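Multiple structures follow.
Two complexes, one shared chain (chain A), two partners (chain B, chain C).
The block that comes next holds the complex of A and B.
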C-alpha cells in the first residue's frame, strides 16, 4: 500500500475538521475494466473544466501523482505508437485510493475526492488472493461509506460480443455477479441513511468507437445503452429493492471516452488456458490521427458529483438550521455522530462559515481572499451542478 | 319367344281309318301356309337360342370370374367366405344344365320350324314293312329302299323328300373318327370293351373276342346273349373293312338313285354265304337324303324318314332315334304287322311307344304317333287279332282313344296314300299349327323356369357382392384416402422441418458453422491485409512512394488503395458463399427427404435406382418434372418446388447490403458525422516516411473494416437461417395450404400411385379387376336378362 488506506475515512474526517471536504467515491469493477483510466480522465477533464477559475484540480499525494503519472506515460506511449491493446495498460494489482483535490489554494478549504481502486479480482472470493481479507474488509467499509458508487463498464466488451460464446463470456469478463453483490451491499448501507443523497454511476468507458460526437464515425450509442441496460438490469433493479427508503437516490448512466482519439480495430476473445470454455477479452485499438487525447463524458460525472454535493449541502444546511433553533450547541455533536457524507459536508459548511467570520473579524486581505476562494469553490460546484448533462447521459 | 297363331283345340277328333273322301284341293296351300308360318318363327327361335347361348357363355364367364375371385389368396377372407357360402359352383352348374336343356329345346324347336317339309317318320321293328311302306309313299324301288324276306335289308337311315324335278341321292359319309365314335363306340360301350380304335389300321387289327357259337358256353357266363350278336357285328364290320374303308372320307357324295343299293342294303343271304368277302359299304354312310317324285302326293313339300331299328338290338339305337325323331319329324308312323303267329302288341312294341312318348316332346302323343297296321298279305284273322289287341293294349279298349290306328296294305301305294298318307296330311294340316303352338308354349314355360333360376342366382350373387363392396371400398376411395394421408404426412414433415428452421432462426440465433465460416473468412482476409495488402508491405510502400512523388500528393494513391482494399475485402468475404450453398442444398435435401419419405420411390434417382432421393436439388428438379408430367399436371405444387429451388442465399445478395457500411471507412474522404462535411482522413508527405505512415493507416483501416465486416456478419448470423426458414415456410404454406393443394395431391397420387405405393395398386387393381370381372359378368347377365324382360313386356 502506497498511500492512505480506506480507513482514511477517519483521516478524512480529521482533515475535514480544518474545513476540507472529503468526498469518498467507490468504484466497483473487474481488473482492467478501466478504473485508472477513468480517474485519469476525470482528472484530465476536471483540469480542463476549471481552466480560468481560481479552482484547480490536482492529484494529491505522491502515490496518486505517481500512479496517474505512470498511467499517463503508458497512454501517451501507446498514442504515439498509433495503436495499443487494452491489456497493455497496467491494471491495478493492489488496492489504491486516489486522492484528487478541488483546490482553492487555501488550506482547509477545497474538496478532496477519494476514489478507491482495488484489484477487480478481489470482488470474487474465488479469485481473491489469500491474506488480503483485512484489506478487503477495509475496502468494503470504504465502499459502504461512499454516497457515490461508480461502476465502470468496458463498453468494448459489450459492443464487440457478437457470437454466443462471446455473450456467454460477458458476465465473467465484466464481473457482473460480483458487481451486483457489491452494489447490493452498498445499497443496504445507503438505506440505513435514507436522508443522504446517493448516486450510482454506471460508466461505460472506452466508448470512443461507439459515439460520433468525439471524432468517431458511427453512432452506436443506442446499442451501447441497450446493452448496458440488459447486462446491468439486475444491478439497476436492486436500487428500489435494496434502498427503498433513500429519498434522493439517482442512477446515472454516463458513458465516457477515456482517451477519445482511439477506436477499436479488432477484438479477440481468447480462450482461457486454465479455464475451459472461459474467454478473455482483448481489444486492439488504433489511434485516430492526429492522436490527441480527447476525453469526453467525465464532465457529466463531474456534474453528477456536484449535484450530489449541492444536494448534500442543502440537506446539511437545512438540518443545521433546525438544530440551531433547537439546540445550536449540540449541532456539532450531532454532525459528529452522523459520520459520513453529511459530516463532511457539515465540515465544509462550517469551514466556509469560519472563513467568512475570520474575514469579517480581521479584515485582512488573506482572510478575505480565503473566504472568496472558498465561496468560488462553492460557486463552481453549484455552477457545475446546474449544468445540463450531455445527450449521452441517461438517468433511471 | 315367338308366338304361334293359336288354333282351336280339337280334342280327340277321330281320324278316320277309311280312305279320305275325294281330293282336298286346299291341302297343299294349307300345308304351305303352315310351313311358311313355321319358317317365320325360325329367326326368333334362333335369336332366342343365341340369347341362351349368350346367357350360357355369360354364366360360364361369371362362374369363372367368381371362382378366380374366390380362390385368389389376396381376396379378403370376408369376401371368400361370402362367395363360399353362396355355393356358386353348384348353383351355376345347376343353372347351366337348365340352360343346356333350354338350348336343346330351342334347337329342337328351331329344327322343327326350319324344316322346309312336312316330315313323316316311319318306324317299326324290322320286317314289319317299313321299307315297303316307304316305297309305296315315295315310289322308290328296292335299289333305293331295299326290301326282302328273311334278313333285314335296310341298313341306312334315309330321308326321302318329294321333288318335282330332282332324282338323286346324297350320301353323308363317315370319317373314321365319326365312324368310331358313332358306330364302334356304342358297341364297345355296350360290350364293355376297353379302348377304341383310333385308326383304320388299329380297327383292322383290333382283337375282338370270338363269339360263342350257339349252344356253346360263352367265355363270359354273365354276358347276355345279345353280346354275342354285338361281338359278331363288330367282327363283321372288322372283316368287311376293306369294302368300306375307302368310303370313310366324310362329306357328301351325290349318287344316281340306281347306284344307291350298295350303300343302303345289308348283305343278302347269298352274299353272306359266298366265299368272297362281304361288302358292307352302308357302314360308311352316316346319312342318306333322297330326292324323288312321290307318285301320289298332293303335297309338294313332304318328306318321309326311315327310322330303322327302334326297339332293335342295336347299340345306341334308341337314343339315336329319339334325338332324330325330335329334331326331324312332325309325325311318326309306327308300323306294326302280324308276323307268323305273332299278332299282338308285345313288349317291344310297348317299349317303342315309350320311346316315342319321350321323343314327342311337348307334342301331344295323339298328334305325334299314328299306329299303322300293315295288314297286306296278313291273314284276316290275324289282322283282326292284332287290331283288337292294339285296341285293348294301346287304347285301353276304345279305338283311337290314345293313338290313332290306321290300317293299310303297305305294298299297295294307292292304299297307302288313301288310308295312311292322306289322313296323316289332313291331320297335320289341321293340327300342326296347334302342335307347333304347344311345343312353343311348353318350351317357353320350360325356358322361363331356367330364366327365373338365373335371375335368382344373379340376385343372390349381387347381394353377396354388395356386402363385400361396402366393406372393402373401391380403389378410387382408397386412393382418395391415401392422397389425403400423403398430404397430411407431407404437411407434418414439412411443419417439423419449418419448426426446426424457425428455432434455428429465432431461438438458437447462431449457427456455429456459420460463425466458424465467417471467422475463417475474416482470418483469411486479415491474413491478406497483414501480409501486405496483397502485394507485400515493401512493394506497397515503394509503389506508394513512386505514385506520391509523381502525383506530388498522397491523396491519389491513398484513395485508389483504399478503394482497392475495400473491394478486395468485400470479395474476400464471398468465401462464406460455400457455406450458404451448403445450407441451401441442405434445405433442399431436407425438403426432398420429407417428400421422399412419403413418396416412396417416386423421387428415387433413376440413374442409381436408389430409393434415397440423392442431392436435394436433383430430387426437387425431378419432383417438379414429375408434377409437370402428371396427367392432369399439378402446376401449383410444381411452382412451389420451382420457387424453393430458386431461392438464393449468398453473401453478395443477402448480406453484403447489410454489412456494406462497415467498409465505408475505407475511403480517403469521409463525411464528418457532426457537420456532414467531407473530411480527408489522411494526408502524408510524398516521402518514404509518408509512404510508411500511409501504409500503416491503410492497414489499420483495412483491418478495422475487415473486423467490422466480420462483426456485422456475425451479428447477421441469424439471417441465413431466416432466409431458409422463410423459404421453407413459404414452400410448406403453398404445398399444404394453397387452394389447389388437395386437388393436386390427389392428382399426384393418381398419376404416380404405383411408384408411391408400389405393389398396392397393382395388387389392388388386380383385385379390383377380379372383383370387377365378377360384377361385369354379373352386369352383363343382368343386362341380358333385362333385355329379355323388356322385350317380353
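The block that comes next holds the complex of A and C.
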C-alpha cells in the first residue's frame, strides 16, 4: 500500500508491479468541484459497463479501498438523511493517488489506473497554502505525464449563473484560468510523444438536474453543452495550437450524474468578504425518492478510457510478444548450434545439450503465453470498441 | 525554542485556504504517513526518540463552516526537542490525544470536547484576523491559546489508570474498541511523559497488520489504532521487514533485452548427483581422448 507512484511508471504507460501496466490519469479542477466523487462514481459504475466481459474493475490497496469507502459512506449517509449538501463532503487536504485496476483475471495482465486527487485550492498560486510547493510540483509532474486529462466541471455553476455578476464570477469559481494553464502544460508535453494517443475529457459533474434521462424533470442538456463550449472554448482551442504534432488527440465531452438521485433546489451566489464583487457559489439539493444512488455518464468515460488504455496495452503486449518470440528463436538457435565434433560429443555426454533444449522449450512456451495474452486483449479491445457512447457525449 | 506548537485551519472565505497560524513546522514530517492516513480525517501521530518528541493531531472539526458550508478542521502539531524546560507540559499533549482518541469510538454524549475547547481558544473573528494578517502570528500567541484549550478540556483520570497493557512491542487494534483506545493513550503517555522511544499512531487508511509492514522499525516500537480494521483485538505486528508489496513472487522471466542468451535463459536444475557428476568429469575426457586416438588411427590401420 503506497501513495507514491511506482518509479517505473514514468510516462503515460509503464510497467508496474507484477508486469501489470500502469496508466496515469490526471484530473484538473478547482476545490470542491467533485474530483473524489467522480473517481468513486467511476469505480462504482465502471463495474456495470464491464459486466459480461473478462475484465473487472477494482480498487487496489487498502488505502484506495478505505478512501473510496469513506467517501461512499459519507455520501450514503447524506442521502439517507434525505438531503444532499455538496459542502458537507469534506474536501481533500492532501494529495492522494487512487489505484484502480482493470483486471483481466490473468496474473500480470491487468491495467492499473492511477488517478491523482489533490486539494483544488493548490491550482491557484494565490490560494495555495505556504509549504506545499514541493507537493504541488509533484502533482504537476504527475499531470504532465498523463496521456488522459480529465477536467471536471461543476454543471450547476454554469447553469445557475443567471445575472451578469454571476457570470463574472464563473471563471473564478471554476478556476478556468488555472485549468487552462495546466491543460496547456499537458498539451506541450504531449508533443514529446506524438505517436501516443491522448485524451482530454471535459466532464460536467452534478448534471442530474439538467438531463431527463436519469429521473430528472427537465432536459437542459443543450444549454449545458453550449455553456461548456463557451466557458471552455479557450481550453478546446489550445489542442490544435499547443499539440500540433500529436496524431491521435481526442477531446470528448462526457457529462456525468455523479449521484443521480438529487435535484437542485436553490443556488446562492454569496458575496465574498474582503473581496469586493467576488461571489461564492453554494447549491442546495433535495433527494429524489427513493434516494438510491444512480450514477450516469461514467459509462461513457469508461468507454473512452478503455478504448485508449486497452489499445495502449495491446501495443505493449504485442511488443512483449515480439520480444519473447525473438528470444525463443535465439534460444532455439543456441540449443541447436553446431559446436564442433568434440564439443558436440562433450555436450551430449555432459547433458549441456539437453539443458539448452529445455531452456529453448521454456522460452518458446513463454512466447506462446505472451502471444495468447495479446490475442485475448485484442478481443477485449474489439468488444469495447463496438460499444457506442450515449447521446450525452460529444467529440470535438 | 524548546517546544513549538502549530495550529493549521482555514477561514470562511474561499480564498483563505488551510494554512498554519503563524510559521508552520520546518518540515512536514507527517507526510511520511500519507500512504497510511487521510489527514483530513481523524489522525494522531506521536513519535518519540527518547529525548524529544513530536505529535500531530488532525481532522479535528470546528463548529465553523467555510463559504460553501464545509466543516472547517483543525490540525495541531507539537514538537519538542528535549532540551531545557518544556513550554508545554507533555501531560497536556497526552490530554489532547486522549480527548481526540476518545471521540473515535462513535458519537456519544459529551463528545466534541476538543472541538469546543479549540473553538473557544480560536474564535472565528480572531482566526480570520490571524489568517489575513500581513505579519505572521507570534508563536507564543498560538501556544498560549492551545494551552488554554487544553485547560478547558474535561479532566480525566490519569492516563494509565485502568488502561490495559497490551504486552506487545508492536501492535494494531481497532479504534472502535475502548480498551484499545485506552492502551493507545497509555503508550502515548509512556512516550511523552516517560520519554521512551517509539511511536503511537491513529491511522485511517489501514485495515490489517500487513498494511503496516513498512512502518516496523527495530529501534522504535509501534502502537497503531485504526477504524474499521480486520483485527478483533490488539494484534501483534509481524517482524518481517521490507517494503509493502514484498513477498510477491520474484519474476522468473529473464531480462528482456539481455544480449547474452546463455545468461538469460532459465536453466532447469541438474538432476545428476555430485559424486556421479565428478566421476563423469574425470572419465569423460579419458573416454573422449581414447575415441579421438581410435578415430585418427582407424584410417591408417585400414590401409
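What to note about this one:
Note that the second predicted complex is superposed on the first by the 300 of 396 C-alpha atoms of A that agree within 3 Å, B and C clash if a C-alpha of one lies under 4 Å from a C-alpha of the other, contacts with A are read in each partner's own complex, and residues count from 1 in each chain.
We take it that contacts are C-beta pairs under 8 Å (C-beta built on N, C-alpha and C of every residue); 3 or more make two chains touch, one makes a residue touch a chain.
This one's a predicted model, so the numbers in the text were calculated from it and none came from an experiment.
Legend: residue contacts after superposition of the two complexes on their common chain; A:275 is shown touching chain C, with no touch to chain B. Once the two complexes are laid over each other on the shared chain, residue contacts for A:129 go to chain C alone; chain B is not touched. Legend: residue contacts after superposition of the two complexes on their common chain; A:32 is shown touching chain C, with no touch to chain B. Judged by the touch definition given at the top, the superposed model places A:67 against chain C, while chain B stays out of reach. Looking at the shared chain after the overlay, A:223 reaches neither chain B nor chain C.
Using the contact criterion defined above for the overlaid structures, shared-chain residue A:234 touches neither chain B nor chain C, since it reaches no partner.
Considering which of chain B and chain C touches more of chain A, the answer is C.
Judged by the touch definition given at the top, the superposed model places A:395 against neither chain B nor chain C.
Applying the stated touch rule to the two superposed structures, the chain B and chain C interfaces on chain A have no residue in common. In the complex of the two chains, the chain A residues touching chain C come out as 1-4, 17-19, 31-32, 62-63, 65-67, 70, 85-96, 119, 121, 126-131, 135, 270, 272-275, 278, 280-282, 320, 323, 327, 330-331, 334, 342, 345-346, 349-351, 355-356, 358-360, 362-363, 366. Residues 509-510, 515, 526, 664-665, 670, 673-674, 681-682, 696-697, 700, 703-704, 706-707, 710-711, 714-715, 717 of chain B are the ones touching chain A in the complex. Contact residues on chain C toward chain A in their complex (touch as defined above): 12-15, 17-20, 24, 28, 31, 34-36, 38-41, 58, 65-71, 73, 132, 204-208, 211, 214, 228, 243-245, 248, 251, 253-254, 256-257, 261-262, 264-268, 270, 272, 280, 284, 288, 291-292.
The touching residues of chain A, counted against chain B in their complex, run 82-83, 160, 162-164, 212-213, 216-219, 263-267, 286, 289.
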